[in-house]
Amino acid sequence: MAINWFKYSAPTTFYPLAGKLIPWFAVSSAILFAIGLYIGFVVAPADATQGEFYRIIFIHVPSSIISMLLYMVMAGYAALGLIFNTRLSSMMASAIAPTGALFAFISLWTGALWGKPMWGAWWVWDARLTSELILLFLYLGFISLHASIDDPRRADRASALLAIVGSVNVPIIYFSVKWWNTLHQGSTIKYSGTSMHVAMQQAMFTMLAACWLYAIVIALTRVRSIILDREKNTKWINELDEVRS
Amino acid sequence: MLEVSNLACSRGDHRLFSGLSFALYPGQIMQIQGANGSGKTSLLRTLCGFITPDEGKISWCGADVCDLDEDYFAQMMYLGHLNAIKDELSALENLRISAGLSGIELSEKDAVAALRRMGLKGRERLPTKVLSQGQRRRVALARLLVNDAPLWILDEPLAALDVGAVALIGELIAEHLARQGMVIFTTHQPLIVAGMEMRSLSLS
Amino acid sequence: MSLDIWMRENPLTYVWIGSYAVAFAIFAVEIAMVVHKRKITLQQVRLMREASEED
Amino acid sequence: MKKLSLLSLLILVVRRDLVLAMRRRADVLTTLIFFVMVVSLFPLGVGPEIDMLRKMAPGVLWVAALLASMLSLGRLFSADYLDGTLEQMLLAPQSLSVLVLGKMASHWMVSGLPLVLLTPVLGLQFDMSVPAIGVLMLTLLLGTPVLSMVGAIGAALTLGLRGGGVLLSLLVLPLCIPVLIFGTGAVQAVTSGLNVSAHLSLMGALLVLALVFTPWVTAQALRISME
Amino acid sequence: MKKLSLLSLLILVVRRDLVLAMRRRADVLTTLIFFVMVVSLFPLGVGPEIDMLRKMAPGVLWVAALLASMLSLGRLFSADYLDGTLEQMLLAPQSLSVLVLGKMASHWMVSGLPLVLLTPVLGLQFDMSVPAIGVLMLTLLLGTPVLSMVGAIGAALTLGLRGGGVLLSLLVLPLCIPVLIFGTGAVQAVTSGLNVSAHLSLMGALLVLALVFTPWVTAQALRISME
Amino acid sequence: MLEVSNLACSRGDHRLFSGLSFALYPGQIMQIQGANGSGKTSLLRTLCGFITPDEGKISWCGADVCDLDEDYFAQMMYLGHLNAIKDELSALENLRISAGLSGIELSEKDAVAALRRMGLKGRERLPTKVLSQGQRRRVALARLLVNDAPLWILDEPLAALDVGAVALIGELIAEHLARQGMVIFTTHQPLIVAGMEMRSLSLS
């Protein structure tokens, strides 16, 4: 087993493997999106208090969760790359970052659109909202640092350190923001705490899985381009079919 | 004793050298040769541990330098392209502080003596900003006199120096070798070290 | 204000256009970018390969 | 030739950086003037209503301090990097973390402490009450060292990069948000008659945390950047 | 070999700088993100009371735009200076002022225009009313080119100097204060139901003034800095 | 015709040269010689008008260059230590843009032809970032082929070039001189220009 892991942590073997996996993940992601949207919009009933507006939840919550999850995954890969000096892990980290940032953006966007009918404002300075915004900044910092360094190895290592420092800070930021908000104004915002309808739950989990698979597909495709770019002087790249044709 | 085995190093996409092996024993001196951009500086910086080699191992007295870390640094001194002196400080302050950074408390008297030996008499207390290029290099080289590390790694120590100073550096190196020191250096000028066989390593 | 009224009258359209269409548009753009990046990278690799073959 | 202890190494580094700062006084003053200027721009931008200004004051002063300290961070390692001293520091046979801690300390003395000392004057411009100014100064005293320390990580990571200044802010500002929140929170607490000790002890905790971890992380970042 | 007209020279320079900016997208994005970040720091410092935030908003956005454009100015000439292109530009047989105007224009398109376009989003974060956001955008549209142009003078003067960033801000910020005052004044006027055309026409006048004089002044400053 | 009379120039506190006079007529070439730091680059930059001389006058066809200004620039091309090319642009884009800046609209075909003549066949469209140092210098030198200014001021045009390229530059200069052009240049390497008498000026 251990040998297998090392085998697939080499770009040489990972590149074709990823190429084979991508179509499967892509197709299942598309199917799950279709199912999720069907359940969410056709099967699930309208919410008692929020009417039809609550249906934003099926995209909002998955993208929020995935944006946070991806940060941890990214930091994990970055740490692996920094500690064990495995090239592939660092490439994965830089492949994940843009997707994570986009999910954070979608979360902010859909949240804002939900806020308008629910709270009457596009944005309030609530703890959750603020910490999601800061998470977006952390992603953007990682991406910008990586892009500013020309030497790929230094770029990987520097941005890995940043990702790790960031992930240590995420809880601190979260609690500080939470505390900050509840200090002056009593909790003006409460999510509808009613127990969820089964169909709603099903829709949400399907969408979550679909988004997760989508993220994997994109990250794998991107990492394949990164491998091609970084290893373009090696022999095995120049012998690939898609390069020779 | 410094041992290098099967070292390979690349910058950017470019492989500079590979399969490089040599050993340097106490009392030995080695010159690295090669055209501009052939990787001399990169090799010296790899030996200092700034650059992680792609392959191969560097060991000091049998132990890998990556593991030794600060113990290795205590045994070594590096003098690079840059002088590592501050324009705003005087030669004296510069020398005492850089000795302090390498863990040695240097008295003012010793520092002045070292600077005089380097031909900076009467200029010890001027800010280095007003010194000429060659004099600034001498301030940097004065560190050789106040340091007891056995391994010297010198990148173009003769740059910007005049004939007298070049001879002085030759003397210093000869003394160091006589004390069972080791020297590894690069230069584009000839350097004569009295009574020592000079090994040389070519990078192509 | 007119947006508020329109929103209350057409909640599903609002939800769809506002959230899902935007989210999927973002997905589409990202997919296009990734595919484009792959195409460009392949092109560059081929260029480099041809350049090194000529030498 | 006597070997130096860690403490005397620390003192050596701090003294060296302070001497250098004194010989380059213009750099120190520019940070200070930038701080004063940003703070003074706000009344111009927001208008002269004194009630609002009083409420904004701690936030504005804190944000200005954050920005000023970001801008001065660009210089924390760059001079040493350009003239080769940083190389020599990385080869020091003693703990690089201690060296880095020394540099952080002197950076704070040169660019954080003066801001704290200027605060009363600027606070009065915004008509803040005396206890509020006191607490504001206290939080700045606890918070600016954290900014210097966290910022040092960013400065080390962006060493020698194109567009370093903005990039540095981009990396470091999000990480400094907790300090900002607790700092301004304490002042708001004291103006609304609440107890500030919780805020202050949280800031103290952040300071201790930063003291423990950031020198080591910065040292690693420096090693990465010097490759 | 055909000779180029002045207009096509201008277009050439603008296109060149835009192409370069696109190939170095990170630099452009950092300015933008810095802007968003500074704006978002204020609520964290001042507290989430929406009433106060709404009143502060134009000031905060303007000051943040000012700072972001100051910080990005450091790069306006420095890349060309370092790789020798600026030398060649000074030797161009055509008007240097036109070249400089081209560089200013592309700097604004890359670092001013995106700020204007982002303003509605940030304005909503502060719960500004729609007409206020409109006027704010209009003032930024008129004002940010002035910032780019006046800032270019500072960038040219501080070319290649140590601590250039802070020094640049010191030189340029005072010159930009009128723009800030008229810009925020217009928004405050519209929220209190007054007529904004006076403010806007003053800003237009400033813009015309800057367009006429700054390219020539910057060209002179460049000649001085390159000596 | 370039005429220099009684020129003096100093950098910092340091007088580099004074009382320098010479004239360069169409079809003539002149090499500036001198040790490092003797002021060669400073002299060329003074001729370009970057540095205002302490004393003396530079005139072009009888008129002072300070008065001519942009008319003089149109008659002259300067190639300095720095290549003035952008890493992010391809060789082709670089050449076309720098021609544009000097007021010439260059068609893609002409630009490609010039680059091929400089030995960059197949590399016209690569970003210059990936080119080697010598290739980058060739991109900069390609400007000589697409410019019709009579006066060339070249600061170390041979730096980083290999033997073939050096010979090519010799050819280009010979052609330019045959067209009644003028060349003034510095170099530390020998440069052979077929059938031309080389004047030289020494700075000490």
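By written order: A, B, C, D, E and F. Residues from 1 in each chain.
Throughout what follows, a residue touches a chain if its C-beta (ideal position, glycine included) is under 8 Å from a C-beta of that chain, and two chains touch if they have at least 3 such contacts.
Please read these numbers as outputs of a predicted model, since none were measured by experiment.
In terms of the stated touch criterion, the partners common to subunit C and subunit E are A, F, listed by label. Distance between Cα centroids is largest for the pairing of subunit F with A.
Ranked by separation of Cα centres from subunit C, the top chain is B. Mean C-alpha position of subunit E lies 36 Å from that of subunit F.
Measuring from the averaged C-alpha position of subunit B to that of subunit E gives a distance of 48 Å.
Rounded to whole angstrom, the centroid-to-centroid distance between subunit A and subunit C, based on C-alpha atoms, equals 16 Å. Along subunit C, residues 48 each make contact with two or more other chains.
Residue positions of subunit A touching 2 or more other chains, listed in rising order: 137, 140, 144, 148, 151, 177, 180, 184, 232-233. Multi-chain contact residues of subunit D (touching two or more other chains): 79, 162-163, 167, 170, 173-174, 177, 181, 188, 227. Taken together, the subunit F residues at the contact with subunit C in this complex read 122-123, 125-126, 130. The touching residues of subunit D, when paired with subunit E in their complex, are 26-27, 30-31, 33-34, 37-38, 41-42, 44-47, 49, 52, 55-56, 58-60, 62-63, 66-67, 71-72, 74-75, 79, 162-163, 165-167, 169-170, 173-174, 177, 180-181, 184, 188. Listing the residues of subunit E that touch subunit F in their complex gives 1-4, 8-9, 12-13, 16, 19-20, 23-24, 82-85, 87-95, 99, 226-227. Residues of subunit C that touch subunit F in their complex: 47-48, 50-51, 54.
Within the complex, the subunit B residues that touch subunit D are 48-52, 70-71, 73-74, 76-78, 80-89, 93, 97-98, 100-106, 110, 146, 148.
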